[in-house]
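Two complexes come next, and they have one chain in common, chain A, joined by chain B in the first and chain C in the second.
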Partner chain A sequence: MKKKNLRFYIRIYFKILAQDLKSKMSYRADFIISTIGMILTNVSGFIGFWILFRNFPSINGWSYHEMLFLYGFSLVALTPVQCFFDNNWNLRGNVYSGDFIKYCFRPINLFFYYQSEVFDIKGLGQLAFGLGTLIYAWIKLGLAVTPLMLLKTLVFLLTASLIMIAMQNAAAAACFWIENSFYVLDLAMRFKEYAKYPVTIFSPVFRFIFTFIFPIAFIAYYPSLVILRPDEVPVLSWLSPVIGIVFFYVSYKIWMRGATRYSGTGS
Partner chain B sequence: MNLKKYLTLTRAGMIEALQFRLSFVIIAVGNVLYLIVVYFLWKSIYASAGTDIVNGMTFSDTLIYLVLATALFNFMEMYTVWEIGRNIQSGKIVLDLLKPIEYRKYLFWSYSGSFVMQFFLTFLPTFLIVAAVTHGTIPLGINLLYFIVSVILAVSINYSIDYIVGTICLYTESIWGINIMKQVIVLLLSGATVPIAFFPEGLKQFVLHLPFQSIYNAPLTILLAKDPAPESVLRTLGTQLFWSLVMMIISKLFWKVSLRRITVNGG
Partner chain C sequence: MSAIIEIKNVTKEFKVLNRREGLKGSLRDLFSRDYKTVRAVDNISMTIEQGEIVGYLGPNGAGKSTTIKMMTGVLEPTSGEILIGGVVPYQNRTKNAQEIGVVFGQRSQLWWALPLIESFRILKDIYQITDADYEGMLKLYRSLVDIEPLLHKPVRQMSLGQRTLSDILAAFLHNPKIVFLDEPTIGLDVSMKAKIRTLIHALNREKHTTVILTTHDMGDVDALCQRIVIIDKGKMLYDNDIEHLKGFFGAYRTLKIRVDGDLKAQAEEIGKALPDCAVSADEDWISVLVNEEKQKVMDVLAQLQKTHRIRDMQLEEISTEEVIKKIYEEGVQ
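Moving on, here comes the complex of A and B:
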């Protein structure tokens, strides 16, 4: 069999995507309500944030606008996981019911095929909201707009996304081994709530834990330091793109290992 | 009332919950992580504020408030909206409607078993840990009794709201969207994410006139009050009772009206 190249995969992704959008459009009410729900989630998160900062001008040396930058950064970084990898949420159901076996018989990459089946448009609302916050904070902080800065922002946003995607993949793959793994995935998703705080608020022990054991600090804190505080960038920030790629690769391996282990339910 | 048939459902629910022991461990890990994040976040907030008391709440008060709000949330979350929504989509609801027991009661009592388990396995340990960590900030006296009464009323209000939202699923086909909207609104307006004491004055007055604050804010305020005047406790409990009755009547009527237009595909 001929090795399939990137072009082939991109072409097929859009074909599958079109089918997904068509099927979504047949549940228009659900689509509209879910989109409103997603926007509400972001708005309410922001209101909570705003109420907090009304009472306190700064937290641990981080000004309101810097925190806002972190907040927007984490929202934008979380968009890819929401848009492209949302089918992970259905993995447990598919494995449990036996439907997952159908993916195993396709002559293309299993992981790719499974994830491409769902594109979550709701994530775009979050992207817009996050970008708005980020740009606002960027202007208020008086950060420079140079090609290098933008390139850095892009690279480190991608880094942060990769880490979140990796965590979600690994958590979703838990369903190949444990029953009722919903809570594992739910736990991983709760991490993203904590990503918007600077890791310096924690004591050294927990700073270590949230950096190396539950790598929440990599979702927004370390990558955004490169842009926010260019004078005091720790080594971990520069390393984060590599860590992101490694994490993603490991999570992909875990996921595939679980998938190839899968033997169906016999139905 | 024949209590026996309800208690049988409770027992079945307890046994079912025990099937998924691992999920309790994961929930506990999640709660501990949340506790750590909240602890350090508010510790640095209070450190930056420079005063011990902000908006009438000390650091310990805020910590207890937020952690117990989460514990209460886990304890009260019955996934009613999901259950009703899924049963409507699959058609299983027809079988439940035929049962010689009111659907509203059936659903509640089938969940009461996980209530009991959640209480002992997650709420109580969290409560004890928080009480120990904050050494004696929680006054141990008659307020515990008020607190229990208040929580029972909160459970009732929460269930009625869930049931109303679940009934909306009869019309919309959307579960995720409806549920996320409910969750976001309830959590923000009930003071579970940021204590209501921190809200700006206008918003606070508005929120205090809504039923949501009776779910988390009311029981926690009662629990944390050092020397509660009997009339203020009575006023809080009275407000809760009022909302509990109002929401119950609305949810019953809404269900009754909606049931006429139910369409079930197969089942």
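Moving on, here comes the complex of A and C:
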């Protein structure tokens, strides 16, 4: 048996991913309806945001375009979790019905195999929408376009994604211990709605929760500060890439631990 | 021949919550948890050689699936030792997975929306099968079954029989040392059952693959297994040749007859006339359990025809369930 290196996994990933796309396209009506749904979700989210700012020109010192930047940033940052880790939503069902066992019989990393099986193409629409918003806000704010700025943006986008992915992994893994764990995942994912607002607009209690317990402030707020307010960047912002990596690793370990604890249903 | 599976004194225990009854009980369960330990597999040992087909039998809930999950590395034994080709499956799940194939509990492991051939191609990559081995295997498959109509059909459009067949082919594709088949013929029609048995037999012969087969169908066992292992309530009851088992129980057949009048009274009468047979009656039939080593069924029938007007009759072979029941009640050896 040959060694399974990164190249092997990338190759397998694209193979399995291609099968999922093929599968999805084979249900055409489903594909079209979910695409329309995705567009409507994004548009309605944006309209809500827009109405809010027609009435309040700024919130707690944050201007419309700055908020728009945060909004776009969070949308882009949420794309990887939507595209690549969407199978976490099915985890509970798979564990509950016993279908999860089929993933245990393959000679590849369990977490990898499980996540690779679903690619949510809807995330791409979100990406386009988020990028559009981000670029628009960038221009309106008159931010410089330098390689350093772009690099910072990229690094912090990745950081934000990692934190989001970590939260979802950990929340999804709850099903290995708790039978009715849907609420855990649902709750964690509802919190992400607050990710697009600057954490300073919340009360100190929530500010604490969103920074240290459900660290959604790291999804857009702390990373964006680096780009939007380079003069008042807190230490937490600079720490966030490390926090992101640590969080992701911990959530992966939790997930794998849960999976090995899994015993399957009788058959 | 060399041992491919070695199981020594393996026990698996589960902690199960003792649930109390009613709403009040559920509330109390929330706060004080009262666990009991259930022993799903109790001190099992066996050694299986490369190339054997072993029937792993037992009633539902006997611990068969648990044993197989331990052999495939999904579960860790509470105590004891399992070696699959010299590897501890639980500690080296992925390494072990490379050497085994599994068709488990009627859950298809193929990609639902894809034609079979595309599932095969993904498996080829996952198991790193060389082009030559892959082509060789497909060639072998073509010689054994008519796979052309299956190859380009999405799995979701297949009949149950076609899907099972495909799952078995997929399990053998990377030429594993062991294939675990959990009730492969359940719910299939007679001709499909025969097809699948022939296929398993041929693959075992060609590739010298060890096959562990769990089933409730005595037909599968007769067609495939030289050796059977029976467990019940987690304990091993029997591990020997199938011929040996038949020597004990295969001689039993049940003759069922329908006569006029009160069945209970007549059953008693027949019981007296046939001291070597166990006779019982239900609402429709009188059942006569005949041990053919002592008395031929045809003789019993001839004798009964002299005394009774038989309106209808059936002859039943002893079933797996009955063999297991008898082994459990009476023991073997």
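In the analysis below, the second predicted complex is superposed on the first by the 263 of 267 C-alpha atoms of A that agree within 3 Å, B and C clash if a C-alpha of one lies under 4 Å from a C-alpha of the other, contacts with A are read in each partner's own complex, and residues count from 1 in each chain.
Here is the rule we use: a contact is a pair of C-beta atoms (placed from the backbone, for glycine too) under 8 Å apart; a residue touches a chain by one contact, two chains touch by 3 or more.
Remember, predicted model here, so these are calculated numbers, not experimental data.
Student: Given the superposition on chain A, are chain B and chain C in a clash or a fit?
Tutor: Superposition check on chain A shows chain B and chain C fit without a clash.
Student: State whether chain B or chain C is in contact with more residues of chain A in the superposed arrangement.
Tutor: B
Student: Taking the superposition on A as described, I'd like to know which of chain B and chain C A:I108 touches: first, second, both or neither.
Tutor: A:I108 contacts chain C only, not chain B.
Student: Please work out whether A:I10 is in contact with chain B alone, chain C alone, both, or neither, and reply first, second, both or neither.
Tutor: Touch partners of A:I10: none, neither chain B nor chain C.
Student: Contact-wise, after the overlay, does A:S58 reach chain B, chain C, both or neither (first, second, both, neither)?
Tutor: first
Student: Please indicate which partner A:V242 is in contact with in the superposed arrangement: first for chain B, second for chain C, both, or neither.
Tutor: After superposition on chain A, A:V242 lies in contact with neither partner.
Student: Once the structures are superposed on A, label A:I139 by its partner contacts, choosing first (chain B), second (chain C), both or neither.
Tutor: It touches nothing on chain B or chain C.
Student: In the overlay, answer first, second, both or neither for which of chain B and chain C A:G98 touches.
Tutor: The answer is second: A:G98 touches chain C but not chain B.
Student: Give, as a whole number of angstrom, the minimum Cα separation of chain B and chain C in the superposed three-chain arrangement.
Tutor: 8
Student: Output the chain A positions appearing in both contact lists, the one against chain B and the one against chain C.
Tutor: Touching chain B and chain C on chain A: residues 27.
Student: In the complex formed with chain A, which residues of chain C make contact?
Tutor: 14, 60-61, 65, 69, 72-76, 93-98, 100, 102, 104-107, 109, 111-114, 118, 121-122, 125-128, 154, 182-183
Student: Across the complex, what residues on chain A touch chain C?
Tutor: Result: residues 1-2, 8, 11-12, 15-16, 19, 22-23, 26-27, 98-99, 101-102, 104-110, 260, 262-264, 266-267 of chain A touch chain C.
Student: Which residues of chain A touch chain B once you look at their complex with the stated criterion?
Tutor: Within the complex, chain A contacts chain B at residues 27, 29-30, 32-38, 40-41, 44, 47-48, 51-52, 54-61, 178-180, 182-184, 186-187, 190, 194, 197, 201-203, 206, 214.
Student: Contact residues on chain B for chain A in the complex?
Tutor: My answer: residues 20, 22-23, 26-27, 29-30, 33-34, 36-37, 40-41, 43-45, 47-49, 54-55, 172-174, 176-181, 184-185, 187-188, 193-194, 198-200, 203.
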